[in-house]
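One chain, subunit A, appears in both complexes that follow, with subunit B as partner in the first and subunit C in the second.
For the complex of A and B:
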């Protein structure tokens, strides 16, 4: 049974990957459709990174749009001023964002719940304002152009982003399934018990922030490369809430949940954007419906199939016994 | 290789409220020491002060003659003083095995397998439930898991906070038998307990706390005969 579901997962992953690889050709190289998928991957990385803190570590953050923005601006600024290979630029963007995450975490590890939410919210609000007003660095309201790395065509950049996404998700998966992951979960479940088991909660909370902001920053960098432009209105604070909604709708006690959420919420605007103001209503409705009927998120639909199967099995067994 | 734990005139505050008002106690090598007292007397706070989950405002806390007042909770765990907190507090969404592994988080040695086997020999029922989420265990099993998790940290001094809380009487007896066994293998135990009868039977030495102060102390033999104790805690 275990083996079978492993196999199914493997097949599912391969099909998805194959689809993503042939996708540009299916869509006739349309920039619009490729952008739609790239946004899914960027939000996918960010949602999973945010879920390290929220779903695994129990530390709320409503400031991840700020980290995305720092990542994207880092790429824009570094690419503009220094002639570095773009992979290094991307990595630097991650490191810069992680450093900002580290600074934020100094105050955040001392706070819990709502207070932490307010601090991160304040951070998320202030980043766009700083980007707007620090004109000498960010070019203010007019934003910055990011030249695509010369060695990459649009198609190969697309593949590069997909490759990065797989790589980042793989990294985060392994971090969460190592002893780090257990430490994060134990902090979420009971901070006192975690402390009395000898877990240095301050250190691990800081680590959560740093890891999460590192990957978010790189996702922001990928965004900058793909769109070719960064501006102070790219990641307003509403994006932070959208990311939160992705996690909740996808399922925050699962690694894959946030990816489901990211895919869903990236597709929805495609269908609703022609009607003014409908997008948020639809997102809100989905959020309410999910919280009411599948509080553990969309990802539990997979378990639901499994459960139906075990129940069927129980039924057949009881029938065989003639009861 | 026993550890010696000593509190001298320890004061603890929650905000402006005083919880401990000059507590002095000792856990000698290899003994079971119990801490009795009414609700709110400061028993759990004393344990929290020892595991450094709360700040010690005044007084000294020594392990083997070294002052450790300012050490962090995880470094106290490293010194093999391990707190098994009140209300069990297992990690409900980790499996039994993962819970036990978290208990050994800070250790770098390779005796883990051996210790896991030892814990499972105390609590065979945990062995049957290794892959189950801890949240699905019964209250008694969760208590066993909490003690097992603390043992995985390879304690020299084990701080037990109300291991009998909310358990059926026969389970309580079972757990206390195991506590005695653990002690016989050379682990000192500081036991906080509501059930004064049982605590006085199990321990060698007892402290009685009232309003954050040690009111009485002595060997359990003596205290069982003490009129005040009989009236207040043994109901006789």
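For the complex of A and C:
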């Protein structure tokens, strides 16, 4: 049974990957459609990274757009001032963002619940304001142009971003399905039991912040390279709420849930943007419906199908035995 | 092995533990009994460092426990279970026990991220050890069950199992058979005796089931209002008039 489910997961992942590879050709190399998929990958990385803290570790954060912005500005500033290989630039963006995450975590690990929410919200609000006002570094309201690496065409940059996404998701999957992931979950479930099992909760909460901000910073860096521009209005605090909605709608106690959420909420604006202001209403409605009828998120629909299948099988067996 | 020297805990005006002196010897099952509110769990909480002493000292193998944080006590070789099971309710039985192995597991974030063979090997070894513990507890069939879905008796078993994972020198068990039926109680009694004889565990036990305490304990300490009122081998404590008076209001302890 477990082998079969693993095989299905493998087939599903392969089909999705194949689709993403041929996607630019299916869409006639349209920049719009490629951007739509790139945004899905960027939000996918960020939502999974945020879910390390919220879904796995039970540490609320509603300021993750701030980390996205730091990552994107880091790439813009480094690429503008230093002639470093773009992979190094991207890695540095992740490290800088992780360092900021580390600083935030010093106060955040001592807080819980809504106190932590307020601190992270404050961070998410502050970053765009700093980006706007620190003109000597960020160019203020005018934003910064990001030169695409000369060796990369639009198509190869697309594949680079997809490759990075797969790699980053695999890294996070490995962390979450290891003793680190179990330590994170144990803190969410019972800090007392976690401590008595030898888990240094302060250290692991800090680690969650650092890992989460590192990958979010890298996602921000990928965004900067793809769009070719970063400005102080790119990641307002509403993006932090959108990321939170992705996790809730997709399913926060699952690795794949936030990815579903990211895909869904990246597609919705495509259909709703022509109707002024309706996008947020649709997102809000979906959020309410999910919280009311499937609070564990969309990902549990897969479990529901599995359960129905098992029950059908059990029915068939009992009928056969009866006859 | 474990020495409490004039241990005192005050919560505001209330003295929960009152200058308690105790000595737990290696390889014994030592029970701590007393009426509800006598301060037994507070004693456990001070040893596991969740509660600070107001005055006094606690030493384990001549090491001052007070220098350690709650998450560091396990490194000394002390683990505990909880009166109201503190489990990771949404995790499976297997994962709950694997968390118990956390202090012994070598971890490196980079090799974990890359899922290197060394990480896979350690994970396999840990799972093997967990399965052995599950078999010892006779709950192997529950390994993939989510803990919150289990009956209370099994949850208690998981709580004990998690505390056993690091092969502690001293195992603190807070009412391990509370809420269990006679069969389950007997099973736990047998398990504790086996842990003592076959694995050399020292067990410090809080329990209200007197027949179990009298049957398996090597030594019993009785507290009331945080103060020690008696201690000795079960046969002696059972007939101590102070215990009968304070603990049971006149009845024979063995019939409680």
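The rule is simple: the second predicted complex is superposed on the first by the 322 of 323 C-alpha atoms of A that agree within 3 Å, B and C clash if a C-alpha of one lies under 4 Å from a C-alpha of the other, contacts with A are read in each partner's own complex, and residues count from 1 in each chain.
Please note the rule applied: a contact is a pair of C-beta atoms (placed from the backbone, for glycine too) under 8 Å apart; a residue touches a chain by one contact, two chains touch by 3 or more.
The shown structure was predicted, so the numbers you read here are calculated from the model rather than taken from an experiment.
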* To do: Sticking to the clash and touch definitions up top, decide whether subunit B and subunit C on subunit A clash or fit.
  => clash
* To do: Have a look at where A:28 lands relative to subunit B and subunit C in the superposition and call it first, second, both or neither.
  => neither
* Structure fact -> Counting residues of subunit A touched by each of subunit B and subunit C, the higher count belongs to C
* Asked: Counting only touches as set out at the top, which of subunit B and subunit C does A:180 meet: first, second, both, neither?
  -> second
* Asked: Looking at the overlay, what does A:136 touch: subunit B (first), subunit C (second), both, or neither?
  -> neither
* State whether A:253 touches subunit B only (first), subunit C only (second), both chains, or neither. => both
* Figure out whether A:171 sits in contact with subunit B (first) or subunit C (second), or with both, or with neither. => second
* To do: Check subunit A for residues that touch subunit B in one structure and subunit C in the other, and list them.
  => 179, 182-183, 185-186, 189-190, 192-200, 253
* To do: Over in the complex, which subunit B residues touch subunit A? Could you list them?
  => 51, 53, 72-74, 77-78, 82-85, 89-94, 98, 101-103, 105-106, 146, 149-150, 153
* Asked: Which part of subunit A faces subunit C closely enough to touch in the complex?
  -> 171, 174-175, 178-180, 182-183, 185-186, 189-190, 192-201, 207, 211, 253
* **subunit C to subunit A touching residues, read off their complex** => 48, 50, 69-75, 79-80, 82, 86-91, 95, 98-103, 105, 107, 109, 112-115, 119, 123, 126, 162-163, 166
* Structure fact -> As the complex stands, subunit A meets subunit B at residues 179, 182-183, 185-186, 189-190, 192-200, 253
